[in-house]
Amino acid sequence: MKRNRRMKSILVLSLIFIIAFTLVGGCAKPTAPAPSPAPAPEKSDGPAQEIRFDRNIKIGIVDTYTGPPTVYTYDARDGFTLAAKEINAEGIHGAKIEFVTRDEEFKPDKALSWARELITREGVDVLCGFMSSASALAVSEYVKDEKVPTVVWMAQTEKITGEAGHRYIFHVIPNTRMSGRAAARYLADLPYTRFALVGSDFEFGHAIINTFWKTMTELNPKAEKVVETFWPVGEPDFTPYISAIRAAKPEVVVAAPGGADQIPLTKAIGAAKLAEEMVVYLHIGTDHAGLVALGQEAPEGMYGSSPYHYYYPDTPENKAFVEKFHAEYGRYPNFAGFNGYITAHLIAEAYRKAGSLDTEAFIDAFEGLSINSPVGQVTMREYDHQLIQPFFIGKTVKDPGKDYLIATDIVMISGEDAIPPLEEIKKIRGE
Amino acid sequence: MLEAKEIHAYYGLSHILFGVSLEVKKGEIVCVLGRNGAGKTTIMRSIMGLTPPRQGQVIFKGKDITRTPVHKIAQMGMGFVADNRRIFPDLTVEENLDIASRGGQQKGAWNKEKIFTLFPALKNITSRRGGYCSGGEQQMLAVARALMGNPDFLLLDEPTEGLAPLVVRELMEQIGRLREEGLSILMAEQNVRSALKLANRVYVIDRGEVRFQGTVEELEANEEISKKYLLV
Amino acid sequence: MLNVFSKLTKGQFFSFKLLIIGIVVLILLFAPSYLSRYYLYLVTLILVTVLFATSLNIPLGYGGLLVLHQATFYGVGAYAFAIFLKQGTLPILPASLIAPLIAAAFACFIGWICVRLRGLYFSFLTLAMGQLVWAIIYRWYNFTGGDDGIHAIPVPDFLRSGSSVFYTTLIVVLISLLLIYIIVKSPYGLTLQAVRDNPQRCESVGINIRNHRLIAFVMGGFFAGVAGVLFVLLERSVAPPMLFWTKSVEVLIMVLLGGMFTFLGPAFGAVVVIGMMTFFGIFTEYWLLFLGSIKILLLLFLPQGVLGYIEEMMAKSAKKIEKGEERGYAQG
Amino acid sequence: MDFLTLLPDFSTMTSQVFIGLSRAMILFMVAVGLTVSIGVLRVINFANGTFYMLGAFTAWSIAMWVGGTAGFWVALLVAPLVVSVLGLVVEAGLLRRLYNRPRLLQLLLTYAVVLLFNDITKIIWGVDFKTIEVPLKGFVTLFSNVSLPSYNLILLASGPLVAFGLWFFTNHTMVGKITRATATDREMVDALGINSKKIFAIVFMLSCYLAGLGGALIAPTTNIVVGMGITILVNAVLVVVVGGLGNIWGTFLASIIFGVGESFGLLIAPRFAIVFPFAIATVLLILRPTGIMKSVW
């Protein structure tokens, strides 16, 4: 009999293990935990502060924290953290912002899984993040059903607020359509007509180039496309493309490299001294993260864009943000840091304006909301939830005080100029 | 020189040797006879340390080598000629000899010249790859390779397997000459007749146990054993 | 020797195993009533992965074929289903049946080419061909949505609530597991295992090894396709990473952790791996570090898998009993 | 409109060949370490991509520390050594337990090592984009229309150099000869009084050295990021198989087929260029399942 008992004890143990696994957490946290109650008011601010939130606001961040994109996602997270500190010092109707992060590994299925976890287990009020366009689009469909407002701050695909847009999704970064339009507006003012269009061969690269060319030909009907080519993402050697560009003798090269191709392409342009022969414009080409990595190797006189520079505009607001960021993390923010920062402030301001923790009230308040950001006023467009934010185009130059290049002659394309008109969006959505 | 005491060996879960004991004295050629699958190769492998016995002891030059790593056993002066020769097929004959060389400069040490005087056939094929040599050449090479380590004890596992009678005779002569050089040899064989010409003593193995031990004459006198275990 | 023992106690063991399975199923049947939405979703996801992992084990554990790219068929099933629904070419029921068949057809084609090869060469050819399928899906924008994937897949309303997806998945997974069980215990399944253990001997008695292996491979593909369909029901979105080779490695680890020579091992592995991934993902940013270390430790010290280890323990104690060595226990 | 129609045919072809070749050499640098460890240790080491990544990171650190263009050359010498020492630690601590295990288990264990090292690298080096200054600037004109960055010449030269060096090592040094013997029959090597454990450790260090060298050589042309090993690894694995497991020249040849094939794939269907390596591997493996050259297995 004893032998049976021993065998069975093994089986019973494994049974317990299995059951425990199915139930763990399931019973431990049967309902989504309510965010901790808001702290007691320190002092009464009079009648203006009548509304008081009875709990803190919980925000979930799903982003890529493994692999190459981390250089941006960490900055976004840190910018967000910094803003949350500022916001919590002040409070939103007595409440604070709490947030948690999850790593989606650039995989849409993981992103969806974490979005579900944050919404149904953590019970977050707002979801943020998303480096990968595919992840953002997948999650967008999910939160539409869940009715949880979601802010995409890194993925640039125009579909998010275009054909796939809906009430619960917001986009805080110039999308591919805006970037393409901004580039066209800038380059149309230059006296050139022969264009070479190149990019990484995936959705993003094509989207930017297409919008650019559409806008360019509208603004300058004489513009002529002398060559158009796309390379596979992760291209190890850009020589053939550069010789092809050279051979076509364009006056302007417009390049839309994906994140992974940015640095090798810039290096190849530098090595070929292409920027000395013609105007070379690189989407996100003057962003801090890339230029810092390239050091003195970045080509001088190359045109590039970025939604943000830590040294421009030279306003007190921007300086204040940069100093705080530097003091906190020992580095300067790239554009993702800026995006994370303003996202937190936008959310906080929307809650302040709404005066309620109710999702629908929050969205109503968010729509059309304007705040003062380090680069000036930014506005959440009411109809399609695309943030109207400025876009900066400049030219690289060596800076004696730094071991990397910075952008100079920066021109600000205002958000209103860059964002596509409402009619265009309505047409895309078939409304 | 070498003594195996009551060794039990296993391959995975299957029990192969059941308490085999045997002894080789200095200067002897001892033959282990038995049919296919009787356990001869396992005895060789157990002694060499390739299939260490789970029970029992192997004593070599007065030291217990039951748990000693294979390469240490080899360095102690035990040479091993495996049953299907196991020449390195990608290496040339010369390279096969070179990597085995642990000669040093002392007098009488085996080197290539000395090897070539014993096995003149190898001299002409030094740059041939091991894999392309004939069976006889491979067998000579296998013995020669073992000698390059300057052993004073040699394990020969079925050296005559698959060789033409003429080649077998030549090989047996050469093995006999090794005894004159002062080597002790433990040889596993199926080919009874040629082995018995050389051997000082004989062990007969069947199903992992020693069934008979004694001199060649004693074996020849005992027809029952020969019939039962050796199919003579 | 084991036979004697199993004759003695087979009845007991069998019923005991059944009892455990029964209890687990019973617990699962009522899951929607006591699990929160997230955990219901997680259990559904685990069920889908359980089927995925078990599908791999047909060729791997029972057929001895080292399939390196099972995710191909999972992805093809999911993509086929997604495209049917998205384009509205087929209603959901026929689509859900045809999608796994398409996965099986892919498996048939790839398998037909691969089973000619042996050992690792077979494995690498599956890897190459699987990556080929991945690359085509990743690139073919007009048809597969390219790197963006396909989202907002129109699943009928009655299949949208957590519990209806859960029950659909539970039923499909249970039926599939039962079918797989019947297959591997059938004369075909037993021959397959004989082919795995001793191909030469099987060939000499006139068994067509290639056909047996191909059938195992195709069935693995089919059930992976079923898992893919269930995944689409659950997530309503597909994207290329679900058939990248790292996904296949992930599921291989599940099978190995659970134990590839037991029927429920892969299922158990799926539970453990997804559980760990979720747990570490929530509690630490460096979840890869923890997951990697635990995988290394488990693979090093329980090479036969967790369930495999348990079964081995049982077999050992059974052997001891048979040899009459239970005195130790009696005294202790 | 495709850019290639704008180029005259001959120079298109030649430049495409050279592009393919420098691509091939990058692939070869990763694959050669893999083939050495597969050939001798019989371990399919997925962590090889990780050592490649570590080579790039270590080279970056050294280049930054030394500074200037000289930094890179120092890094090129030192970084692979650092990586091979690290490899020794991994071999002694983990791999040594694997040699007698089933292949599948080895494969997955080395994959778990990949996960582990990805996070460790992130902890040590952080997440910033990193790149090393190109030590040789400017272009070299090969034909009237074909020019190549000077640094690519180093890449083009390093592949054959490494292959030749390995050939010399295995055929003309004692350790190399023993290594070849160990590849086919480890037991017999032990029985000759050679400690095959040591040989295995040396071979593993060599394979890590090669991976690290590859990483250091690539570092100036790319951005050095966590996960850079994973993308190239699967191609490298296929190159090794197509070339014939453990065959250095086979790997060399297969790398060239892959690289040139992909660059000509760009001519035919640029959109589907990433499909080409897998298609080539599939076709070659169907035609010659055990590789284009003799496999040591």
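We just call them A, B, C and D in the order they show up, numbering each chain from 1.
Following the convention adopted for this analysis, a contact is a pair of C-beta atoms (placed from the backbone, for glycine too) under 8 Å apart; a residue touches a chain by one contact, two chains touch by 3 or more.
Since the model is a prediction, treat every value here as computed from it, not as a measurement.
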Worksheet item: Could you name the chain whose CA centroid falls nearest to the centroid of all protein CA atoms?
Response: D
Fill in: Distance from chain C to chain A - Cα centre to Cα centre, in angstrom
37
Discussion item. What's the distance between the Cα centroids of chain A and chain B, rounded to whole Å?
Written reply: 74
Worksheet item: Distance-wise, how many Å sit between the C-alpha centres of chain B and chain C, to the nearest whole number?
Response: 50
Fill in: Contacts with 2+ other chains: residues of chain A
66
Worksheet, complete the sentence: Two or more other chains are touched by the chain D residues 118-119, 122, 271, 274
Response to the item:
Multi-chain contacts in chain B, i.e. residues touching at least two other chains, fall at none
Worksheet item: What are the touching chain pairs in this one?
Response: A-C, A-D, B-D, C-D
Worksheet item: Where on chain A does chain C make contact in their complex?
Response: 2-4, 6-8, 10-11, 14-15, 18-19, 21-27, 29-32, 65-66, 101-103, 106-109, 112-114, 116-117, 120-121, 133-135, 137-138, 140-142, 145, 157, 159, 164, 202-203
Practice prompt. Note which residues of chain A are touching chain D in the complex, please.
Written response: 66-68, 70-71, 74, 201, 225, 227-234, 236-237, 239-241, 243-245, 247-248, 260, 262-264, 267-268, 271-272, 289-290, 292-297
Worksheet entry | Partner chain D, residues of chain B touching it in the complex | 48, 50, 69-71, 74-75, 80, 82, 86, 88-91, 95-96, 98-100, 102, 145-146, 148-149
Practice prompt. Going by the contact rule at the top, pick out the chain C residues touching chain A in the complex.
Written response: 9, 12-13, 16-17, 20, 23-24, 27-28, 31, 34-39, 41-43, 45, 141, 146-149, 151-152, 160, 231, 235-237, 239-242, 268, 271-272, 275, 278, 281-282, 285, 287-288, 307, 310, 313-314, 317-318, 321, 326, 329-330
Worksheet item: Where on chain D is chain C touching in the complex?
Response: 44, 94, 97, 101-105, 107-109, 111-116, 118-120, 122-123, 230, 234, 237-238, 241, 245, 271-272, 274-275, 278-279, 281-282, 285-286, 289-290, 297
